[in-house]
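Naming follows writing order (A, B, C and D), and every chain is counted from residue 1.
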Amino acid sequence: MKQMKLFLGPQHPGMHGNASVHLFVDGDIIKRSYLLPGMLHRGFEKAMERKLWVNNISLIPRVCVPEPDINEMAYAQGVEKLLKLEVPERAHWIRMIMLELARISAHLMSYGGLGGPTGHYTLMYHAHADRNSILDIFEKISGARVYHQYIVIGGVRQDLPKGIEKDINAFLDDLESRYIEYRDLGIENPSVVARIKDTIMLPEEVVWELGVTGIGMRSAVGKPYDLRKVMPYARYDQVEFEVPTSTYSDARSRVDIKLKELVQSISIIRQCLKKMPEGPVRVKPSRGQSMRWTVPKGYVYSPVESSRGEFGYYMVSDGGTNPYRIGVRGASYPQGLLGIEKYMPGTRIDDCALWVDTMGICSPEIDR
Amino acid sequence: MKSTKFSPATKLSKAEVDRKWWEIGDFFRRNSLWMLMYCTGCCAIELPPAMTSAYDMERLGMGPMATPRQADILLVSGYLSLKTLRRLIYTYEQMSEPRYVVALGSCPINGGIYHDSHAVINQLDQYIPVDVYVAGCMPNTESVMNGFVDLMGQIKNKKANGWKHYHEHFAWYKANQITSLGEVDVHDEFHE
Amino acid sequence: MTIVNVLLGVSVAFFGFVLQTSIAGVNRKVIARLQKRQGPRWYQEFLDIFKLLSKRSVSHGWIFDFGVIMALGGIIATAMFMPLTSTFSPFGASDNFFIFVYLLAVGMLGMAMSASGSGNPWASIGVMRALTTMLAYEVPFLVVVLTIIKLSGSSSLTAIQLFQQTSGNNWFLIALPIGGIVGFLALMGMLGKKPFETYIAPGEIASGPMVEYGGKQLGMLFIMHEITVFIEVSLFVHLFLGGASNIFEFLLKYFLVYTFANLISNVNGRFKIDQVVKFYYKWPLIMAVFQAVIAIYFGWVI
Amino acid sequence: MTNSMSNIEFVNTLVNKHVKPLVTDIIDQFQVGYVVDQNEIHLLLSALKNEGWIQMSYLSAVDWPEENKFEVVYVIFNWDKPVYIQLRTKIDRTNPSMDSIIQIYPGAKYYERECHEFFGIAFPGNPDYEKQLILEQWDDIPPLRKDFDPQAYSDRKFPQRTYTEDYSVTNNEPSKAEKRKLRKQRAESLKGGKKQ
């Protein structure tokens, strides 16, 4: 039978972000598939070379739109490694609060995104309503809803506003009280389970072949391979949290792990708010005026655990005021490009949008 | 004495009748704006709050639509790379008239933070007509909503005529598209 | 058949359109409250439809246009036979159940023809799915309705209503509880409500058959859709809920049935197409046959 | 995972067993960089993969036009002994070619393809590396090379918005000192909450 060519995207309600999946289908079964990236290419790596080290702080959050804070963290951390700079103690804790809030927001968005392909819009509305209250907290802390530019080289831009602990705690309590409701609405709901159970598999050998990280890997391998545990950055070694894992990676178990991580993030934020010391939040990375800051020569790779996996910046400095080269390792690069080419064939058209959603593919970080 | 308010006009010319019909149509069009679900850039991240419970776009009669044929508004949410621009023009020409374009963010206005990028265009209204710009990087949800309300006002005042402009100056738009894009047609067979 | 009957029939179709469009608008507000929103105005559906009719549209050949007109005409013709209460029926006693089954298919096929005429692959997938779903829910539904016809001794909707309204007989929803459940499941499929909404599925196949429609054609399809929903919900009301002795009873029952279906729809995701077919051919079919056997051969009717 | 410095020593002995790195660059307790010869990359990568460095995190290149070299970078990671290893090698810039590593790390396929697109490095052994991935109908030198100027490209291809002069004329505005005075006056007028 002749294969029919279909385009899932770029303009398609099931597609997250601006990317296109080309499908060659026979009946309902996908025979071949490719991702067509590049619709969001902005030339980031070139643009960063042309800007000063300090200018880039405003540019980097835009690399990955749903979760911008990890970019700031990876960039700041990389530059601090090159500068051999010690960040004040309080700044570490504030950074952790920001990163975990961002992780909750990204997980909620992705969990609500499950509502799109399965047609369960009530789930989407509820998840986005909660995400919006995180954005409000971000606005109180940093002045911006989405692109905060809050984690800067040498600490954070300013101290937390007074009384923000109350807001954060109120939000966390609210979210925690409705955790069961979320599960019932989504992954315990029989009609959704029928869609996501035992489908879109990700076996362990595929994980190692593609180089998938993050939830995809942990759900298949069953070991706590989380950069926060394996090579703790900030002060993740001083808080207690578990890394949820499983050894059977279908779409449902990945979403399940996402929700369990949400609970862990809530507990991390609570610990941070308790353990956070007082003190300064920022040191100047270098002497003199900020436009003339230089960074010593060197190569560094600065990884951060994002909500989708290992997110890293590769930085090269030649000792000047501008970065010599900055490369971005998007967390969804392996599953997004090679994964779709090799492992999407064999699933059905119905699964395609779910594949993209539950594997955690974020097109802006693939394209840069 | 005849009342001027309620007496029917004696004989309306065809243009006047058309105008009256058009005004009736405008009432429906501005109260039921469907936008196309095409997230071209990063400002699309502020659309979910606008669509969902926090700001609830549906109370203005707006809603997302799946395909370009069904939609009224083309939302250009943020920067446009060349690759997207090709598909955007393709999408714009598929939409049924009257169609409106709302551009979010600074990037469609003058390139914004990507003004010197090799892949991002600087000015959207060189390629397709734009009815409403919402400035900011990224614009707040409130300003996004305000942009839509502005569009409704423009439709009421008969100022949202971008699609007519596109008809009248088609050659100029096409020439601009060709200078920047080389070839406007979409070729998607690169993987084979 | 006189001209009066025809005029009555057309006004029933128009009434059905206005009724269903208003109730759909109210339902959008109800669902919005479920989703923590304010929701649109109650007359938003009217605005949407008239807006679509006020737009310019693109044609994809004469089959595309003709199919839309055929769909709308077929559905209006079906609605003309629909009795509103047990005393009011536009064509008297010719409101046979099988007329609706037969004429509804004309409308559906018109839409299928038109959608295939657009040449879009998503549309063909959507049409294929719509027809498959139709095959799936029709079988259990027909088994239950045949049971009802056997019990009431007539296939006229007015007669079935009167049979339920005579003292001593219960509504068929209560008399045949298993069959009532099957009937409601089939109604969910007919209305395209969510676990069975496989053929619109914006997240998968970009709204399926409607993918190439815009402007006037889409407006006509919306009108057709509203009248189809009116026919299907009214069928359920007349067959299972004892019909209505006056128009207010009809409106109340209609509103409750439609809102209930909508509420269920909005806390569910959608199945895949093969799961829908398997689902309908498994439990509802078994339940329908079981109900038919115990009701007809054993006479166990509540 | 506990004694991290010993992990670095472990890596050091392991690498030195197989090749003689030109430069060893210990960045911190979780990261170490080596500069090796172009021919030794494959040997070293497969040896490290057998020892548990099974995840390829990043592959890219750095352009050094003064030396007329490209520097190809491989970053690999081991989840049980958490050490990131950067392997760097310099290759010729005029006719750049680097053998593909997809036999060792299949996940490198698209990284190499992207690297070819942005730097023009050939990767023989990778079946698809010459196809375009992210750019479309590109008509200039590969954009991440240092001699490519995106500003000039942008000016040449995309029309800029020209602003009317209203936005930029500052002649008729009050000078800074006057502005400061006005501001002070206004602040004074707002003091005390009384109208004067």
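One rule holds in what follows: a residue touches a chain if its C-beta (ideal position, glycine included) is under 8 Å from a C-beta of that chain, and two chains touch if they have at least 3 such contacts.
A quick note: this is a predicted structure, and the numbers were derived from the prediction, not measured.
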For this session: Using the touch rule from the top, work out which pair, A-C or A-B, shares more C-beta pairs.
Result: A-B
Problem set entry | Distance from the mean Cα position of chain D to that of chain C, given in whole angstrom | 58
Seminar exercise, completed: Cα centroid separation, chain A vs chain C, in Å, comes to 44
Problem set entry | Between chain A and chain B, centroid-to-centroid distance (C-alpha), Å | 31
For this session: Round to the nearest whole Å and give the separation of the Cα centres of chain B and chain D.
Result: 37
For this session: At least two other chains touched by the same residue of chain D: list those residues.
Result: 135-136, 143, 148, 150-151
For this session: Would you pick out the residues of chain C that each touch at least 2 other chains?
Result: 35-37, 202, 206-207
For this session: Identify all positions of chain B at which a residue touches two or more other chains, and write them in rising order.
Result: 52-53, 66-68, 83, 116-120, 190-191
For this session: All pairs of touching chains, please: list them by chain label.
Result: A-B, A-C, A-D, B-C, B-D
Exercise. Within the complex, which stretch of chain B touches chain D?
Worked result: 82-83, 86, 109-111, 115-123, 126, 176, 179-183, 187, 190-191
Problem set entry | Residues of chain C touching chain B in the complex | 28, 32, 35-41, 44, 47-48, 50-51, 54-58, 202, 206-207, 210-215, 218
Exercise. Any idea which chain D residues touch chain A in the complex?
Worked result: 1, 25, 27-28, 30-31, 33, 54-58, 60, 62-63, 73, 75, 77, 79, 82, 84, 86, 88, 105-107, 109-111, 118, 133-136, 143-144, 148, 150-151
Exercise. Which of the residues in chain B end up touching chain A in this complex?
Worked result: 36-42, 44-46, 48-49, 51-54, 64, 66-68, 79, 81, 83-84, 87, 91, 113-114, 116-120, 137-138, 140-141, 188, 190-191
For this session: Would you mind writing out the residues of chain A in touch with chain D in their complex?
Result: 37-38, 41, 43, 45-47, 50, 81, 208-211, 213, 223, 225, 230-231, 298-301, 303, 310, 312, 314, 316, 324-325, 327, 329, 333-334, 337-338, 367
